[in-house]
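I'd like to ask some things about the structure below.
Letters A, B, C and D mark the chains in the order given here, with residues in each chain numbered from 1 onward.
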Amino acid sequence: MSKRLQGIITPIIAVLLGIIVGTIIMLVSGYNPISAYNALWNGAFGEVYYFGEVVRQVTPYILAGLAVAFAFRVGLFNIGVEGQFIVGWLAAVWVGTSFDLPKIIHLPLAIIAATVAGALWAYIPGLLKARLRVHEVIVTIMLNYTALHVSNYLIKNVLTNHKDRTGMIKESASLRSDWLQSITDYSRLHWGIIIAVICCFIMWFLLERTTKGFELRAVGFNQDAAQYAGMNVNRTIILSMVISGAFAGLAGAMDGLGTFGYVTVKSGFTGVGFDGIAIALLGGNTALGVFFSAILFGALKVGALNMPLEAGVPNELVDIIIALIVFFVASSYIIRVVLNRFGKKDVK
Amino acid sequence: ACGKSDDNKGNDTAKNGDKKAAFSVAMVTDVGGVDDKSFNQSAWEGLQKFGQDNGMKKGVGGYTYLQSKSDSDYSTNLNTLARQKFDLVFGIGFMMQGAVDEIAKQQKDKHFAIVDSEVKEPNVASILFKEQEASFLVGVAAAMTTKSNKIGFIGGVESEVIERFESGFRAGVQAANPKATVDVQYAGAFDKAELGQSIASKMYSSGVDVIFAAAGATGNGMFKEANDRKAKNPNATVWTIGVDRDQSDMGKDVVLTSAVKRVDVAVQDIATKAKEGNFPGGKVTLYGLAEDGVAAAPINSSVANKADIEKAIKDWTDKIKSGAVKVPGTLKELKTFKAK
Amino acid sequence: MDYVIEMLNIRKEFGNFVANDNITLQVKKGEIHALLGENGAGKSTLMNVLFGLYQPEAGEIRVKGQPVKITDPNVANDLGIGMVHQHFMLVDVFSVTENIILGKEITKGGRIDIKKAEEEVRRISEQYGLAVDPQAKISDISVGMQQRVEILKTLYRGAEILIFDEPTAVLTPQEITELIQIMKTLIKEGKSIILITHKLKEIMEVADRCTVIRKGKGIGTVNVSETNPNELARMMVGHDVVFKVEKKPAEPKQDVLEINDLVVKDSRGLTAVNGLNLSVRAGEIVGIAGVDGNGQSELIEAITGLRKAESGSVKVNGKELINHKPRKIMESGVGHIPQDRHKHGLVLNFPIGENMVLENYYQKPYSKNGILNFKEIYNQARRLISEFDVRTPSEYVLARALSGGNQQKAIIGREVDRNPDLLIAAQPTRGLDVGAIEFIHRRLIEQRDHGKAVLLVSFELDEIMSVSDRIAVIYEGRIVAVVDPKETDEQELGLLMAGSSRKEAGTNV
Amino acid sequence: MSLMEILIIVVPSTLLWAAPLIFTALGGIFSERSGVVNIGLEGLMLIGAFTSIVFNLTFVGTFGNATPWVALIVAMAAGALFSLIHAVAAITFRADHTVSGVAINLLAAGLCMFLVKQMYGKGETAIISKGFNKIDIPVLKDIPIIGKIFFQDTYWTSFLAIIVAIFAWYIIFKTPFGLRLRSVGEHPMAADTMGINVTKMRYLGVIISGALGGIGGAIYAQSIANNFSHATISGQGFMALAAMIFGKWNPLGALGAGIFFGFAQSISIIGSSLPFLKDIPNVYLLIAPYVLTILALTGFIGRAEAPKADGTHYIKGGR
């Protein structure tokens, strides 16, 4: 079996295995798997509305996944996507609510603000890693909490006058589109998906086709060799965190300027950043992989909401299935071994 | 729709309940779920009561709820319920304001209600509570119970609702015992019991003997701390005050009272009005003491001056109901508040 | 016949590749038995089979006449087989003693009795004349001592049969002499030794018999006393080999590299290069001879900008380059074949093609406006691969999949092709077979003949002697002597490297 | 507030909050010392918290006052069992350790909540009636000053954590088991050639991490949260991961780091009562623990080196 074919079949098998085990769990605990999956499917694709919602959910997922994946490719583990996402969201709404500008300026400005905010937030761990060799995992974890509290404070005290929620962003900064909403029966689908797809392309192009990408990948694989070859390893580490944070901030803009149009005081993390880790890993840290795994995650997450109502199955079941899929993808080595065994038999 | 789950819930789903296009009602919880021992639970209890009183079944066409797993799910859940043709859909919690606002604009022929926030749409009923009034009363109780004249307040995340709790509470303390001081501390989270516990520990150690926590699950830490202290030293004076519902089950020796927010009453009330065709769309319905929307839970029977406290609470309740006293709902109002 | 080890008709496959094809190896008690073969011939594989790391697909192993199944290293240990691996199997952060007792600890009441263990290590090390410091951390000791630790590991476990996989590749001449002495002691103590080495001279010196394998197949076993290096080489590669590198006398011109009073600290903050002066002229090869750890690595790292220098001056073509960025230095005409090809030389997870432009990927024609031109990159790769005879299935396979020799050829191709005015070659032939070594030496000399300056650092005195036009001896971070290879011999160099002054060395000749 | 008062408040709450972190971080150390990256600590804590609460609620009638301790042991077993999934994936199936760890976290979260709903028909359990309680340590409590600060109004579990940390240090650095465990995490091939079963050691490392993570979760649940809901374990596992790295993969380091985190947290709580901090916005106190940690890392900790073979797969005969 060719490597490429294997690369496509393995995740599909992993997904199937995840679903099979999920089915077993449901059977054991006395639920009806068929109606559960039916509900899941209906909740994701059953109506055009839900389809719109899936795409809406996929949008920040793609970007959060790219953020994690990008850092991974340079050998860094950015657990801080959640925090970068939060500051990006905040910055986007801040700009979106504070100015009156023509759309052609306002929207890009808000998006850039989010990107820059996320990038700056990620610059901190990047800088500390590069200059002082401080482990990025701890710093990003700590910065997640910091982002949460700081953004809550700013929302209450700066963006609003002791309110829990900002006002809506100006129309001129919105990613929303009446047309997109109308064709999807009032889902919150917005133009952000275009940005997310473009970012997939950017990530691929940047890493695989550019000189900078060459450096980023080289540093990711072997810092010593990269240094030997004259690359600036420290700068590359910082750059990769900054780009990763930029994707994360952009993901925040998707929620700030698209899905919600405002930002609220948060009592806890949104989870998007953490889902981004699973998405990136499932997608093998490649742009295309992230794209597809974000779609899978988005569909599962949105579809799951329908399961308690339509099938009486707790929607945690979907979390279990997602976890299992991640497991099986991770264990693709064993899947490949089995595949090869079958492959050989076929030949003989 | 399948065997076992139906048995579990003891109820039926909609599939075979197509007798008539009866009134149906549903709610969307925030991430806390219907068992948060707080207002989601209270709301669901109200909805269940309403359903049972009206002979409805759980599920589509009757009454049900959907739990959100993140902020971005509110909208989808509200929409799903609206699409399933529920006549009235509640959004529980101020976090859902944006989502309700939006969906209400799209689904103009459906009725919505939001708890703890205001949405200015003709098809949305906004339910607000005068939390300050309940917490004023528990503040009075605290002020009359304290021996050290030191009282504590633990807030979850700084927000408008918690601010109402805080200002009402402080006003109550001030009114009943001007010598008492209130140590206010916010945990920054509704789900960090360890913070609640540490803050309570600090407060008790520094001489505070009554603490009121308006902090969701963070408050569980306070109960734990008080129970621990009580278990270790039965003579310790460590009182706690619960929130949202009567939390006396969190520690029978330490819970003084609770600032109860009758979300269940409000939900039943609005649902009933909607069913009868009096849906208060576009309006804010305020639930205060006068409307039985908030209350102070019964005072712990082991408090020495229980009768005095009860009397004082009764007096203040009357004053508030009559409008003679206006309890401050913000810290700004608190500054100018003078108990008459 | 009294064989301690018999490996009969061993076959070992990796996937579809047959690494050992029906090989037979018989070792007599008390002999040093050499195992000879080109890179990738299957020597290490065969020994790993004997040591229980691999399971053979076919064949039989007998120890002292008894057929055995060696399922894992524990079994090998129990059978008295010990192995000193080609790549040292030492835990860097452990002490010498901890490494030796690992897996067979001396305990007291559940905890490791480190005192007693250290005494035991000391005892064995004295018995066999293997000087080590039982308390030293592996990362702090010299390669030679690390190897002694490896040997001690086997002796501690009571090994009767010792396998040495290329033990001398990483040693200095002094250390090699010591090792040979140690091997002789071991034989006297009744042990048997299997020795893998590419150095025919060593085989001639210590081995009793020699088994030659080629491309996974056994070629034959000969008595060393009845053969000569030429015959061994012929058996190994299948045709005649020229040993002596042909070269014309050097025609040195202006100074390309000038180093003055260079001071560099090592990673632990100790002064490693201590006021070093050296110059290399265009059209000559200067070899740096020295015992490992006398500042060679730090010197090279300082020249190439990989390590900060404390003070001094490094000029290339008259331009001061001290503490400049590596890229700046490279662009000023310096090429560098690094000592550790896996760590520095290659990105193992990149295709070999991308590794070929590791240093100039950002320049035209490989990159335009920040965008890579893969067509040009792979054209270049193909050109270098064929020109430098890099054996690889294609330019798209990962560098990881190439054998050490071919990886090295790729690096050399890349560096030479950049045509630097100064080429620094650190241990360029370490672990390579004679064919590959010859190829690399010829390339270095070719560079010289094109009027380039070459700085060669090697622990192989043979290599230094035959390739260099001048030899600079480094000792404790200083060049202590510069000698003409035609006017010196290994003994004198060895003494200089050990710190004797030229005069003393001279009187000792 | 006098210094003494501050200490009496800060120290016990520091230890309270540190205990679960220490246990879980120690778990992480055993796993990573054996060469298996374990970011699934959060999930292991979840399993421990869930199991202990369910067990406590179910068997409190049987075990009485011993219930929380028995529940601790049950949670330990459950954590160990659950961690086997990570072991199988990361060691036998050669899964990327990080990916598998993420899956552990996702799976634990989903499974526990699924089971809570399945078992209790609602989203959270009832409150346990017998948790770990405040105690005064006999004898020690009477030491002047020290006794009042360290040994009064505290929890057995805090001291258990300290003892276990020291014990873990002893195991890892002084016993043959520890030597083998570390060798497998540093240079598995070397260990293999010394006859050490790399796979077995790594399985043990992961299982111990599961056991300790389970205990960490159980302590949290039974000494702080008192019930189990989706919010019970929310980020503590990641804090434990940070404590492990902060402590440089050394049990005593993790002990220190756990205590540091607890201290930073307590300081932020006490801060609002200190005169000079009273008027600064609350947000500074809320972020103080996290900012302090970052500063500590940049200031005096320097670089932390993971075991060399951490996160790699050992494939016999591979390079």
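Everything below uses one rule, namely that contacts are C-beta pairs under 8 Å (C-beta built on N, C-alpha and C of every residue); 3 or more make two chains touch, one makes a residue touch a chain.
The chain list, named the UniProt way, goes like this: A, D = ABC transporter permease; C = ABC transporter ATP-binding protein.
Owing to the predicted nature of the structure, the values given are computational and were not obtained by experimental measurement.
For subunit D, the chain with the farthest CA centroid is C.
Averaging C-alpha coordinates per chain places the centre of subunit C 45 Å away from that of subunit D. If you average the CA atoms of subunit B and of subunit C, the two centres end up 75 Å from each other.
Centroid to centroid, with C-alpha atoms defining each point, subunit A and subunit C lie 47 Å apart. Inter-chain centre distance (subunit B to subunit D, centres taken as mean C-alpha positions): 34 Å. The multi-chain contact residues of subunit B, meaning those touching 2 or more other chains, are 9, 31, 67, 158, 188, 190-191. Along subunit D, residues 231, 234, 282, 286 each make contact with two or more other chains.
Counting partner chains per residue, subunit A shows two or more touched chains at residues 29, 149, 152, 268. Chain pairs recorded as touching, per the definition above, are A-B, A-C, A-D, B-D, C-D. Those residues of subunit A that touch subunit C in the shared complex are 209-214, 217-218, 221-222, 224-232. Residues of subunit C that touch subunit D in their complex: 48, 51, 53-54, 72-74, 77, 83, 85, 89-94, 98-99, 101-105, 107, 110-112, 153, 400.
Interface residues of subunit B facing subunit A in the complex, by the touch rule stated above, are 1-6, 9, 13, 31, 59-60, 64, 66-73, 75-77, 79-81, 83-84, 94-95, 97-98, 102-103, 106-107, 156-161, 163, 188-191, 216, 330.
Within the complex formed with subunit C, the subunit D residues making contact are 170, 174-176, 179-180, 182-183, 186-187, 189-196, 308, 316-317, 319. Partner subunit A is touched in their complex by these residues of subunit D: 85, 89, 92-96, 98-100, 102-107, 109-111, 113-114, 117-118, 231, 234-235, 238-239, 241-242, 245-246, 281-283, 286-287, 289-291, 293-294, 297-298, 301-304.
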